[in-house]
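Letters A, B, C and D name the chains as they come in the text, with residue numbers starting at 1 for each one.
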Amino acid sequence: MPTMLGQNQYGKAETRVVRITRDGRTHHIKDLNVSVALQGDMADVHYSGSNAHVLPTDTTKNTVYAFAKEHGIESAEQFGMRLARHFVTSQEPIHQARIRIEEYAWDRIAAVDGPSHEADRPSREAASGASAHSFVRTGQETRVTQITFDGETWEVMSGLKDLTVMNSTDSEFWGFVKDKYTTLREAYDRILATEVSARWRYHWSGDDEPMPDWDDSYDRTKRHILRAFAETYSLSLQQTLYQMGSRVIENRGEIDEIRFSLPNKHHFLVDLAPFGLKNDNEVYFAADRPYGLIEATVLRDGAEPRIPLDLTRL
Amino acid sequence: MPTMLGQNQYGKAETRVVRITRDGRTHHIKDLNVSVALQGDMADVHYSGSNAHVLPTDTTKNTVYAFAKEHGIESAEQFGMRLARHFVTSQEPIHQARIRIEEYAWDRIAAVDGPSHEADRPSREAASGASAHSFVRTGQETRVTQITFDGETWEVMSGLKDLTVMNSTDSEFWGFVKDKYTTLREAYDRILATEVSARWRYHWSGDDEPMPDWDDSYDRTKRHILRAFAETYSLSLQQTLYQMGSRVIENRGEIDEIRFSLPNKHHFLVDLAPFGLKNDNEVYFAADRPYGLIEATVLRDGAEPRIPLDLTRL
Amino acid sequence: MPTMLGQNQYGKAETRVVRITRDGRTHHIKDLNVSVALQGDMADVHYSGSNAHVLPTDTTKNTVYAFAKEHGIESAEQFGMRLARHFVTSQEPIHQARIRIEEYAWDRIAAVDGPSHEADRPSREAASGASAHSFVRTGQETRVTQITFDGETWEVMSGLKDLTVMNSTDSEFWGFVKDKYTTLREAYDRILATEVSARWRYHWSGDDEPMPDWDDSYDRTKRHILRAFAETYSLSLQQTLYQMGSRVIENRGEIDEIRFSLPNKHHFLVDLAPFGLKNDNEVYFAADRPYGLIEATVLRDGAEPRIPLDLTRL
Amino acid sequence: MPTMLGQNQYGKAETRVVRITRDGRTHHIKDLNVSVALQGDMADVHYSGSNAHVLPTDTTKNTVYAFAKEHGIESAEQFGMRLARHFVTSQEPIHQARIRIEEYAWDRIAAVDGPSHEADRPSREAASGASAHSFVRTGQETRVTQITFDGETWEVMSGLKDLTVMNSTDSEFWGFVKDKYTTLREAYDRILATEVSARWRYHWSGDDEPMPDWDDSYDRTKRHILRAFAETYSLSLQQTLYQMGSRVIENRGEIDEIRFSLPNKHHFLVDLAPFGLKNDNEVYFAADRPYGLIEATVLRDGAEPRIPLDLTRL
């Protein structure tokens, strides 16, 4: 046979699971989108269609729901680890499992407004603070994680996407290469805006190290990214990216590597001169396409780079 | 000629304008998506292609940018009114202008975290509170408005979309009609979730009445919607809708009419019995399609209904 | 009570049904997205939450599937009529039903290539023509229809969306109004491109008239729209729109009214002068936003306009 | 410094270029979306913000437009190669260029209908065949390519996405593993539908080999994929995938490796028993999420696998 099977994987993608936990009248919510990808001894199903080694993708979906009940969802990372371990250890032909999870955040409804002091309608519930079982989706970034387990070693890559940020000043861009196709003018005060996609890889690989506190690590890493973006006087988006990455590596010992994909969401100063108006960095056109796309990894010195070149959508 | 021209309009849709206002080192941002639609004496351009009455859509785009500079953007409503008045009063053939605006909200970056007490990296900027010119898009609902002006009367319809809310209990659905195609079982404790689209029409029409405070009205109306959703013990999504609407009409004297389009974002209880597990309202499948769609208008007694049956995307 | 209920409707949106009909080894496919909206005596469910008049949206979904089996799907229009009649005549509280349907078209796989003359691999199936039960989605426009029935009168509005067309010449735009915000230059040879959304209303209302052949009418109407677009030397997109509409009204006696929503998909000539190059209508930037938006109705003389101002997404 | 820069790249993404070529009154169109990613000696811009090695992304956009004029667009592959060579050879600090291109296909308008024999309106243009400069977007699959050049070696990976196909019979799924979470029933006649994403890597790497005919290779490869899908009696989607891949490898000597990402677009047989109806493979629910996701590479024996695990969106 002149052809052969290469790298392959299969599983159920985008199983949407919502888990409610009740603490008396106070409920807690976890809202996940779980994608399972399994690798192993799968030549036969490709060559002959024999499913003797194939756990159906429908079963991997069922397992997500059953585990949400049996074990709860402490964090996306721990839930993913539980699933990965299950598939690899319970199915002989499965040698590796990769679990990808998106998590959507919800606020309690009254927490949106804080305590109510408005005159027009006092509300008992608002007076007592946040609602016990009413939620509004925050809608800001989406938290993501990817757990890979081969039966021995763990790899945890977490991150976020769709976090849109803007500095309305403290950004310049000049001193760049000019060739015969260059028309861009140098800028000494521009808007810098991007939609942050980031993935960071944890040092932890399941040996005797203690496991990080995944939720706390996520919150603090996001905060470092936001602050580094805000506090960097930027000469290029690459420089800002590096500041964001190195701030994380320097402050979060549990993270060895972080990669960003940063579209430069161009805000072009509108030329108002034809109308006799001066545009002193006040009115911008927010463009859709094309956009600059800046991508880089920042590593702890000596760490091995393992996050792939292209960050995936899921 | 056996055919004739009917209702028509034209203009530039989705002009993205970002307006920065500088108050010393502190910046303020308005981020809008503006769509202009003009009506008037436009038979010729349809019949013969004569553009003698046609102000180019490119010009309506330019006007958005020029007005953002000349007049600033106090609120989406006032900006839209300024544009509508301009087109109708400056162009003889234009008899009516309709301006639709989407507004995207931004928070100051440090405001995301509140004051920082974390140990791992003190930050001067966090200590002093919110960043002066660094922003993160809130990503929650999108605020919308539609201004219509015919040279004499104003109609202001504002609203919001993409506001996703959930009650994890206090929702029932039973006592419904059963016909030969009915298989749904009655529910005495279910999740109720929806993505709120709302449009409300202001009483104000430009006569001698004082103009509402548009931003304050928006904030309070959104809060009433959220609280009515949270506080209603629901026997049907229709009932919840009516509570949301009547709460707004009763509390906001400036609003005469409000319409909602509420997709019932079904969360189906997963059947875990095959795995020997009991699902006591803990594990749900969040479905995409199909979805119930509940739409209704709530009016102040005696008010004329004017919001159309279908809420538009833009 | 100072508030009251206005116009309302409810039902299941976006029920995805695929119906296979087997003619021996040859299969036929109908692929629809069906949305049901019911109106009637629905005050109680809004005021008190009583569902005594509410046929569940889940039941309307079931009815779609059951009818697909019991009656088949001859055309989207006839399937919608069957559903609308059922809801209005079988449920006392329901006074009006509106069924919206999207239809996705599929080609037989071998039909994609036509008969195969290629040398590299003769195929028995290709030799015998189109595959009997293998399909590829055409992916061009989406066909839509909306059926409204109030127990006596029928209204059928059909149409299409997402049909993207381009003329690479034979389009001009000049002689327009210039005001102080006008910078656009006159164009004597430009690209004209748009993504056609059209809705047409049939004269047929269920009285003693014979029913149109819906599929044939759709095919011919689409062809008239395409040809009118191709054959019109355009001085404005409005003129092209009117030609498209009047061509339909003049040739299709069964149609009384047609409305178009035509985004002007701008293709801007790129300024290559800085690189010492002349751009003789050869290289264009295809812009996303903003875009001109041209909307108008064309009517048979004497027909009553009934298609709403805004074409809906579904 | 405890942190260091890892793998990085930058460039302008999604430059939309439309190129018209005029052959008398007959026009030809190429409609591309071009993304440039450059790698090289870029440490400084990340560490210090010095742009001395940075050719602006705006310049890479300009280059796309200028090259479309200067050299035309023979095929996506050749256009990408021209761009890649330019960036690597003209800029000392740039060591590698990767060009990704999406291509959208257009048909001539009259070609949609074929010659017109309809009675209701003879048309001169239709009689003479396809329109010379009027086009309709086919809307089926999107063609993609990725060119990588490091100054010495070329890698060409082409492919397609969004090609939706369905077999309404000749698909089974049984004999799979059952564990305690398995509830799926075996299927002996099911619908098999997927949205094909494929990337294939050409053997050609720029040495003395003759270059493939890219357009012809694309057309024939697509045809093989479609036919293999149609002609395979399927026992699993993995088997169908392997048939599609091996058919390409066996028939197209210029291709060494092909990878597919195939979402299993589930069509679930609707249970009509509660309505007293038998569903004999006639009525299906087309589900959105979750979906099985089957991914694999098929290689020419001895070829080195180089297509990455995750196919990218762009």
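Here is the rule we use: contacts are C-beta pairs under 8 Å (C-beta built on N, C-alpha and C of every residue); 3 or more make two chains touch, one makes a residue touch a chain.
Please read these numbers as outputs of a predicted model, since none were measured by experiment.
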- Task: Figure out the least number of contact steps between chain A and chain D, where 1 means they touch directly.
- Result: 1
- Item | Chain whose Cα centroid lies at the greatest distance from that of chain C | A
- Using CA atom averages as chain centres, what separation in Å is found between chain C and chain D? 27
- Distance between the centres, which are taken as Cα means, of chain D and chain B, whole angstrom: 37
- Query: Roughly how many whole angstrom separate the Cα centroids of chain B and chain C?
  - Reply: 26
- Query: Which chain A residues touch at least two other chains?
  - Reply: 16, 62, 66, 181, 183, 274-275, 288-289
- Task: Using the contact definition from the top, classify how the chains connect: line, ring, star, complete or other.
- Result: complete
- Query: Any idea which chain C residues touch chain D in the complex?
  - Reply: 16-22, 27, 29, 31, 62, 65-66, 68-70, 106, 109-110, 112-113, 116, 118, 120-121, 123, 125-126, 131, 133-141, 162-170, 191, 220, 223-224, 226-227, 229-231, 251-252, 267, 270, 272, 274-275, 277, 279, 281-288
- Item | Interface residues, chain D side, partner chain B - complex | 180-181, 183, 274-275, 288-289
- Item | chain D-touching residues of chain A, taken from the complex the two chains share | 1-16, 35, 37, 42, 45-59, 61-63, 66, 90-91, 173-179, 181-184, 234-236, 238-239, 241-242, 245-246, 249-250, 257, 259, 263-264, 289-301, 305, 308-310, 312-313
